[in-house]
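As written, the chains take the letters A, B, C and D, and residue 1 is the first residue of each chain.
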Amino acid sequence: MALSTRLASPLRPVLCRGLSTPPGPRPALDLAGIFPPLATPFSPAGEVDYARLEGNLRRYASLPFRGFVVQGSSGEYPYLAPRERLEVVSRVRRALPGDRLLLAGSGCESTRATIEMTVSMAQAGADAALVVTPCYYRGAMSGTALERHYAEVAEASPIPVVLYSVPANTGLELPLEAVLALAQHPNVAGIKDSGGDITRLGLIVHKTRREGFQVLAGSAGFLLASYAVGAVGGVCALANVLGAPLCQLERLCREGRWQEARDLQLRLLEPNAAVTRRFGIPGLKKAMEWFGYYGGPCRAPLAPLSPAQEEELRETFSANGWL
Amino acid sequence: MALSTRLASPLRPVLCRGLSTPPGPRPALDLAGIFPPLATPFSPAGEVDYARLEGNLRRYASLPFRGFVVQGSSGEYPYLAPRERLEVVSRVRRALPGDRLLLAGSGCESTRATIEMTVSMAQAGADAALVVTPCYYRGAMSGTALERHYAEVAEASPIPVVLYSVPANTGLELPLEAVLALAQHPNVAGIKDSGGDITRLGLIVHKTRREGFQVLAGSAGFLLASYAVGAVGGVCALANVLGAPLCQLERLCREGRWQEARDLQLRLLEPNAAVTRRFGIPGLKKAMEWFGYYGGPCRAPLAPLSPAQEEELRETFSANGWL
Amino acid sequence: MALSTRLASPLRPVLCRGLSTPPGPRPALDLAGIFPPLATPFSPAGEVDYARLEGNLRRYASLPFRGFVVQGSSGEYPYLAPRERLEVVSRVRRALPGDRLLLAGSGCESTRATIEMTVSMAQAGADAALVVTPCYYRGAMSGTALERHYAEVAEASPIPVVLYSVPANTGLELPLEAVLALAQHPNVAGIKDSGGDITRLGLIVHKTRREGFQVLAGSAGFLLASYAVGAVGGVCALANVLGAPLCQLERLCREGRWQEARDLQLRLLEPNAAVTRRFGIPGLKKAMEWFGYYGGPCRAPLAPLSPAQEEELRETFSANGWL
Amino acid sequence: MALSTRLASPLRPVLCRGLSTPPGPRPALDLAGIFPPLATPFSPAGEVDYARLEGNLRRYASLPFRGFVVQGSSGEYPYLAPRERLEVVSRVRRALPGDRLLLAGSGCESTRATIEMTVSMAQAGADAALVVTPCYYRGAMSGTALERHYAEVAEASPIPVVLYSVPANTGLELPLEAVLALAQHPNVAGIKDSGGDITRLGLIVHKTRREGFQVLAGSAGFLLASYAVGAVGGVCALANVLGAPLCQLERLCREGRWQEARDLQLRLLEPNAAVTRRFGIPGLKKAMEWFGYYGGPCRAPLAPLSPAQEEELRETFSANGWL
């Protein structure tokens, strides 16, 4: 595992300890690029199918992804037991070339469980921890409470922390003020923002320029727009299906070829909506199968698509020239 | 443990198996009455303090509660490890007299984990399982998906299931149609509804009369109103603090003494709001201490009250004549 | 017009002037009872059909309503021109016996327009003004802004003001604190609350007891529950259709016959939902026709029911024994 | 008034009649560029101050705006009487050079009133009508109902119609399907979308390419992002204050100078948020004064800024280098 290619600075081991007195500049964990939030393959009996997972990774190996997110929302992480969560991370770590980052979702509802999971994820080989906002007691999850939660996790984490705000699932948005405060923490590397409020993304970029805080778009639906306002990459469920076009879109954005980028972005909008909002993970997994990956079933209560839904999903891809 | 006093019918063991062909009338698990959803005591170091829990139960023993809910929302169940959840149930079971029901919150995000937890809760001594709606993928949690989830859990559960809808925490409400369909399942005993939509509660009562489905108000804020439209009881966080007045309110409602009931209900509104919406579980635990119970800290990210908040909380109780 | 029967106190003419120095107790405008918020009949060409309106009023005359609301939400008031609004009030005033109250909806978006409309409504014969919360700039409609708005209207109004909170239409709720502050104004008589949050209604009753502030339930769906917590009456769209049963429900509540009241309330829930949330004013008008009233078309963009919707509406009434 | 410069095609007079059989291609009303939605100046007594309005227009004359919106949300149109609305349009028309478009907000709650107002606006000199979604009966405002509403207005309107979706004020969003259907109507020229959902904007662009439907960003907060996905311009409240930078941003976007565009966009985010979401129209008018325009008071219930709010507003402009 070539650590030095994943971290631009050799300072990480030092930085990971004694964070209460940060010894200097932020560790240069470079998040720029596209990350698929990996779907978790299940066997027909509902067990995690690690062989299928590794098969998918082999197929993804040829694509210029920056890395992979394990146990983002698309990974059905709330449906995995803690030991499954860790085993998936270990397997992916072993299967990945050393120059690809592994971001592992380690968020839990309590601060203590989140810290424990984050440390375990680091031990299992994660390069960074993606920490979703706790949300069950959302009425009590003030900016102050969330800020304290993340600060404690960042203090205790041996790997950089990436904030994760996904209001469609959690019903709350990490408040802008909390993001800006946390951006100053040396062990907080950036944010995956799935809310799609492009004004907010621009504000985060604008207000954290000095900190080198990195913004990742949480969906392919607003990837171009996010680049336009200064994001460095994206964690996009659609990358499980259409990884090559998303990497191409990233390249066009980086090279300033906006007209071509727009044409590509627009063709991706409907497929992206179909595998996220419209048909969710069951739709994502179905579409993966059309492109040579293993999709398979979801765990209940996520329900498989009906034949009519499957037809509509397919039409969405073909109408935009992808099938 | 006097099983026969908790279940009016000796049919339970039969009913618990082979539910696909229900042998006759619903098992008569009588839920009528008041249930405190027990707060979970933690030591200053954040460990579950079982001795304090048992101490609180001893103090509650003199009150005419119908039973206790373990690991409802007030129990910080999302902050407990699975083994802690089970241990709490076991301890409460041992501490309870046999004529008190024990309802255990066993909801998880996946159907399989919920079933597993429900079975374990039954083995640990629960009389019924309180199953919260899964909610992380709320966009996919259609009425159909939720209905299937609950039906599978009810099929597999050795103890009756009580539905639990708490939109303030989950961001979704179990749809009325799903409730009505599930009310026909012989192993679904009722619903704890914390949404507070009194029209909906009335509709549930109205449309499930033939099934003997039992409605429990999920908060003391609308307890009288719920009785007025046909609820049989309540699971009220405030009962951790003001158990006697809530049992008195229940008695007044049952006896049709509505004017007295109203006077009492109105005096409970502000304290109830203070220990739920306004100050949450930290407020609930603080107030418990004023009435002789152990409250103690919450697990993070729930934050303790500030002195000003504590003052406001106290004022709420004293202004209504409780302190 | 027998003024003295509508106002229990002869003080009104005095009170209506010089409100900045209220001369004593609140004018005893007694709102206790049931008020239909009258639907506005339109001809097939979309003109207000005053003859049909008067015909409906003749049919309502035999029912023991406390009075009538003109231009509540059920009256399609946002679709009426100012002169139509006033003409409807005049016609209803002339058609009503003197012992029935006329509450006229006079809310507009700006404070100045609301005052102007309120004064005109008073001149047209209204006994009280029902003033909906302005809502277009809802982000700016803080409790303070709304409190000031209502206070200015109440100061300027020659007739008592009834607050009107209807979040399903306005997207905002008049904050509790604003209600409590306004309850102390001598020319604010009460509130019509259509939000259906029974805990809130109880709180308003509880915190305004000294002021003699009167709470009206804004829907038949929670009429019994509202009486249970201390409301004095209801403004119920369903009263356009099922006026007699609603008046009977009111009587049962007043006489403390809660069991009978519950049975009646439950049978009204589905018809009520059908003529409000489910099918809106087009459903209300269609149902009116089955009970001998003129319903007729709505103004666009409110659309007529499809035959399937009409069938469903009818089934709702017949399944509950009303047709 | 040089009509031909405002419309690229002389076909408009023909198209305006007999729309049920559209005679050919859409009238080429070119909306590309920046439009300030003019604030309406009031005297200290609350009367429309037409002289101040004309003064502001004289100051705006040197800026390369595409045109002006009269009675968008920033114009406090819900607080204007119908005659005031028309008089403002007339005055602006007379004050404008012929090469500037005048878009007039003509939306009312009922279809009939909207048609009447639209026709009057056209007679008063508007080039296009900006028609906000009716919203009071939002539960009944289905996509179908809204589609029919707009189609009837577009049929009857002598000038092109621009759809206007502003969920922050109306509490509803014009559904995508309705937008796409209406885009095919020859008298519907485009949409002003203030919701800020950049994925949706991209979808609208993508699905209406053949129709030549024009998308205008409804806020400066997402102007660059909107251009990036294919919008042609913006209606931005902030243009009342910082018109020159917004026109510069537009030019940078058109010329593909994205890096410069981003730098400028980011500096505009906070001032924009301050004069919209944060402090609303009172903030907008206050900021106008600092830049040489007349701002003045709002009509109640919009409240003036407190000194502390004014300070915060000013700081927002100065911290970003505008003051």
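Definition applied: a residue touches a chain if its C-beta (ideal position, glycine included) is under 8 Å from a C-beta of that chain, and two chains touch if they have at least 3 such contacts.
Keep in mind it's a predicted model, so treat the numbers as computed, not measured.
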{"item": "Selected from B-C, A-D or C-D, interface repeating A-B by over half of its contact pairs", "value": "C-D"}
{"item": "Classification of the chain A:chain D interface as same or different, half of numbers criterion", "value": "same"}
{"item": "Interchain centroid distance [CA atoms averaged], chain B/chain D, Å", "value": "51"}
{"item": "Rounded Å distance, chain C centre to chain D centre (Cα mean)", "value": "36"}
{"item": "Residues within chain B bordering two or more other chains", "value": "none"}
{"item": "Residues of chain A defined as touching chain B within the complex", "value": "46, 73, 78-79, 81, 109-113, 134, 136-142, 144-146, 148-149, 152, 168-171, 277, 280-282, 299-303"}
{"item": "Chain C residues within the chain B interface of the complex", "value": "196-199, 202-203, 205-206, 219, 221-222, 224-225, 228-230, 256, 258-259, 261-262, 265-267, 269-270, 272-273"}
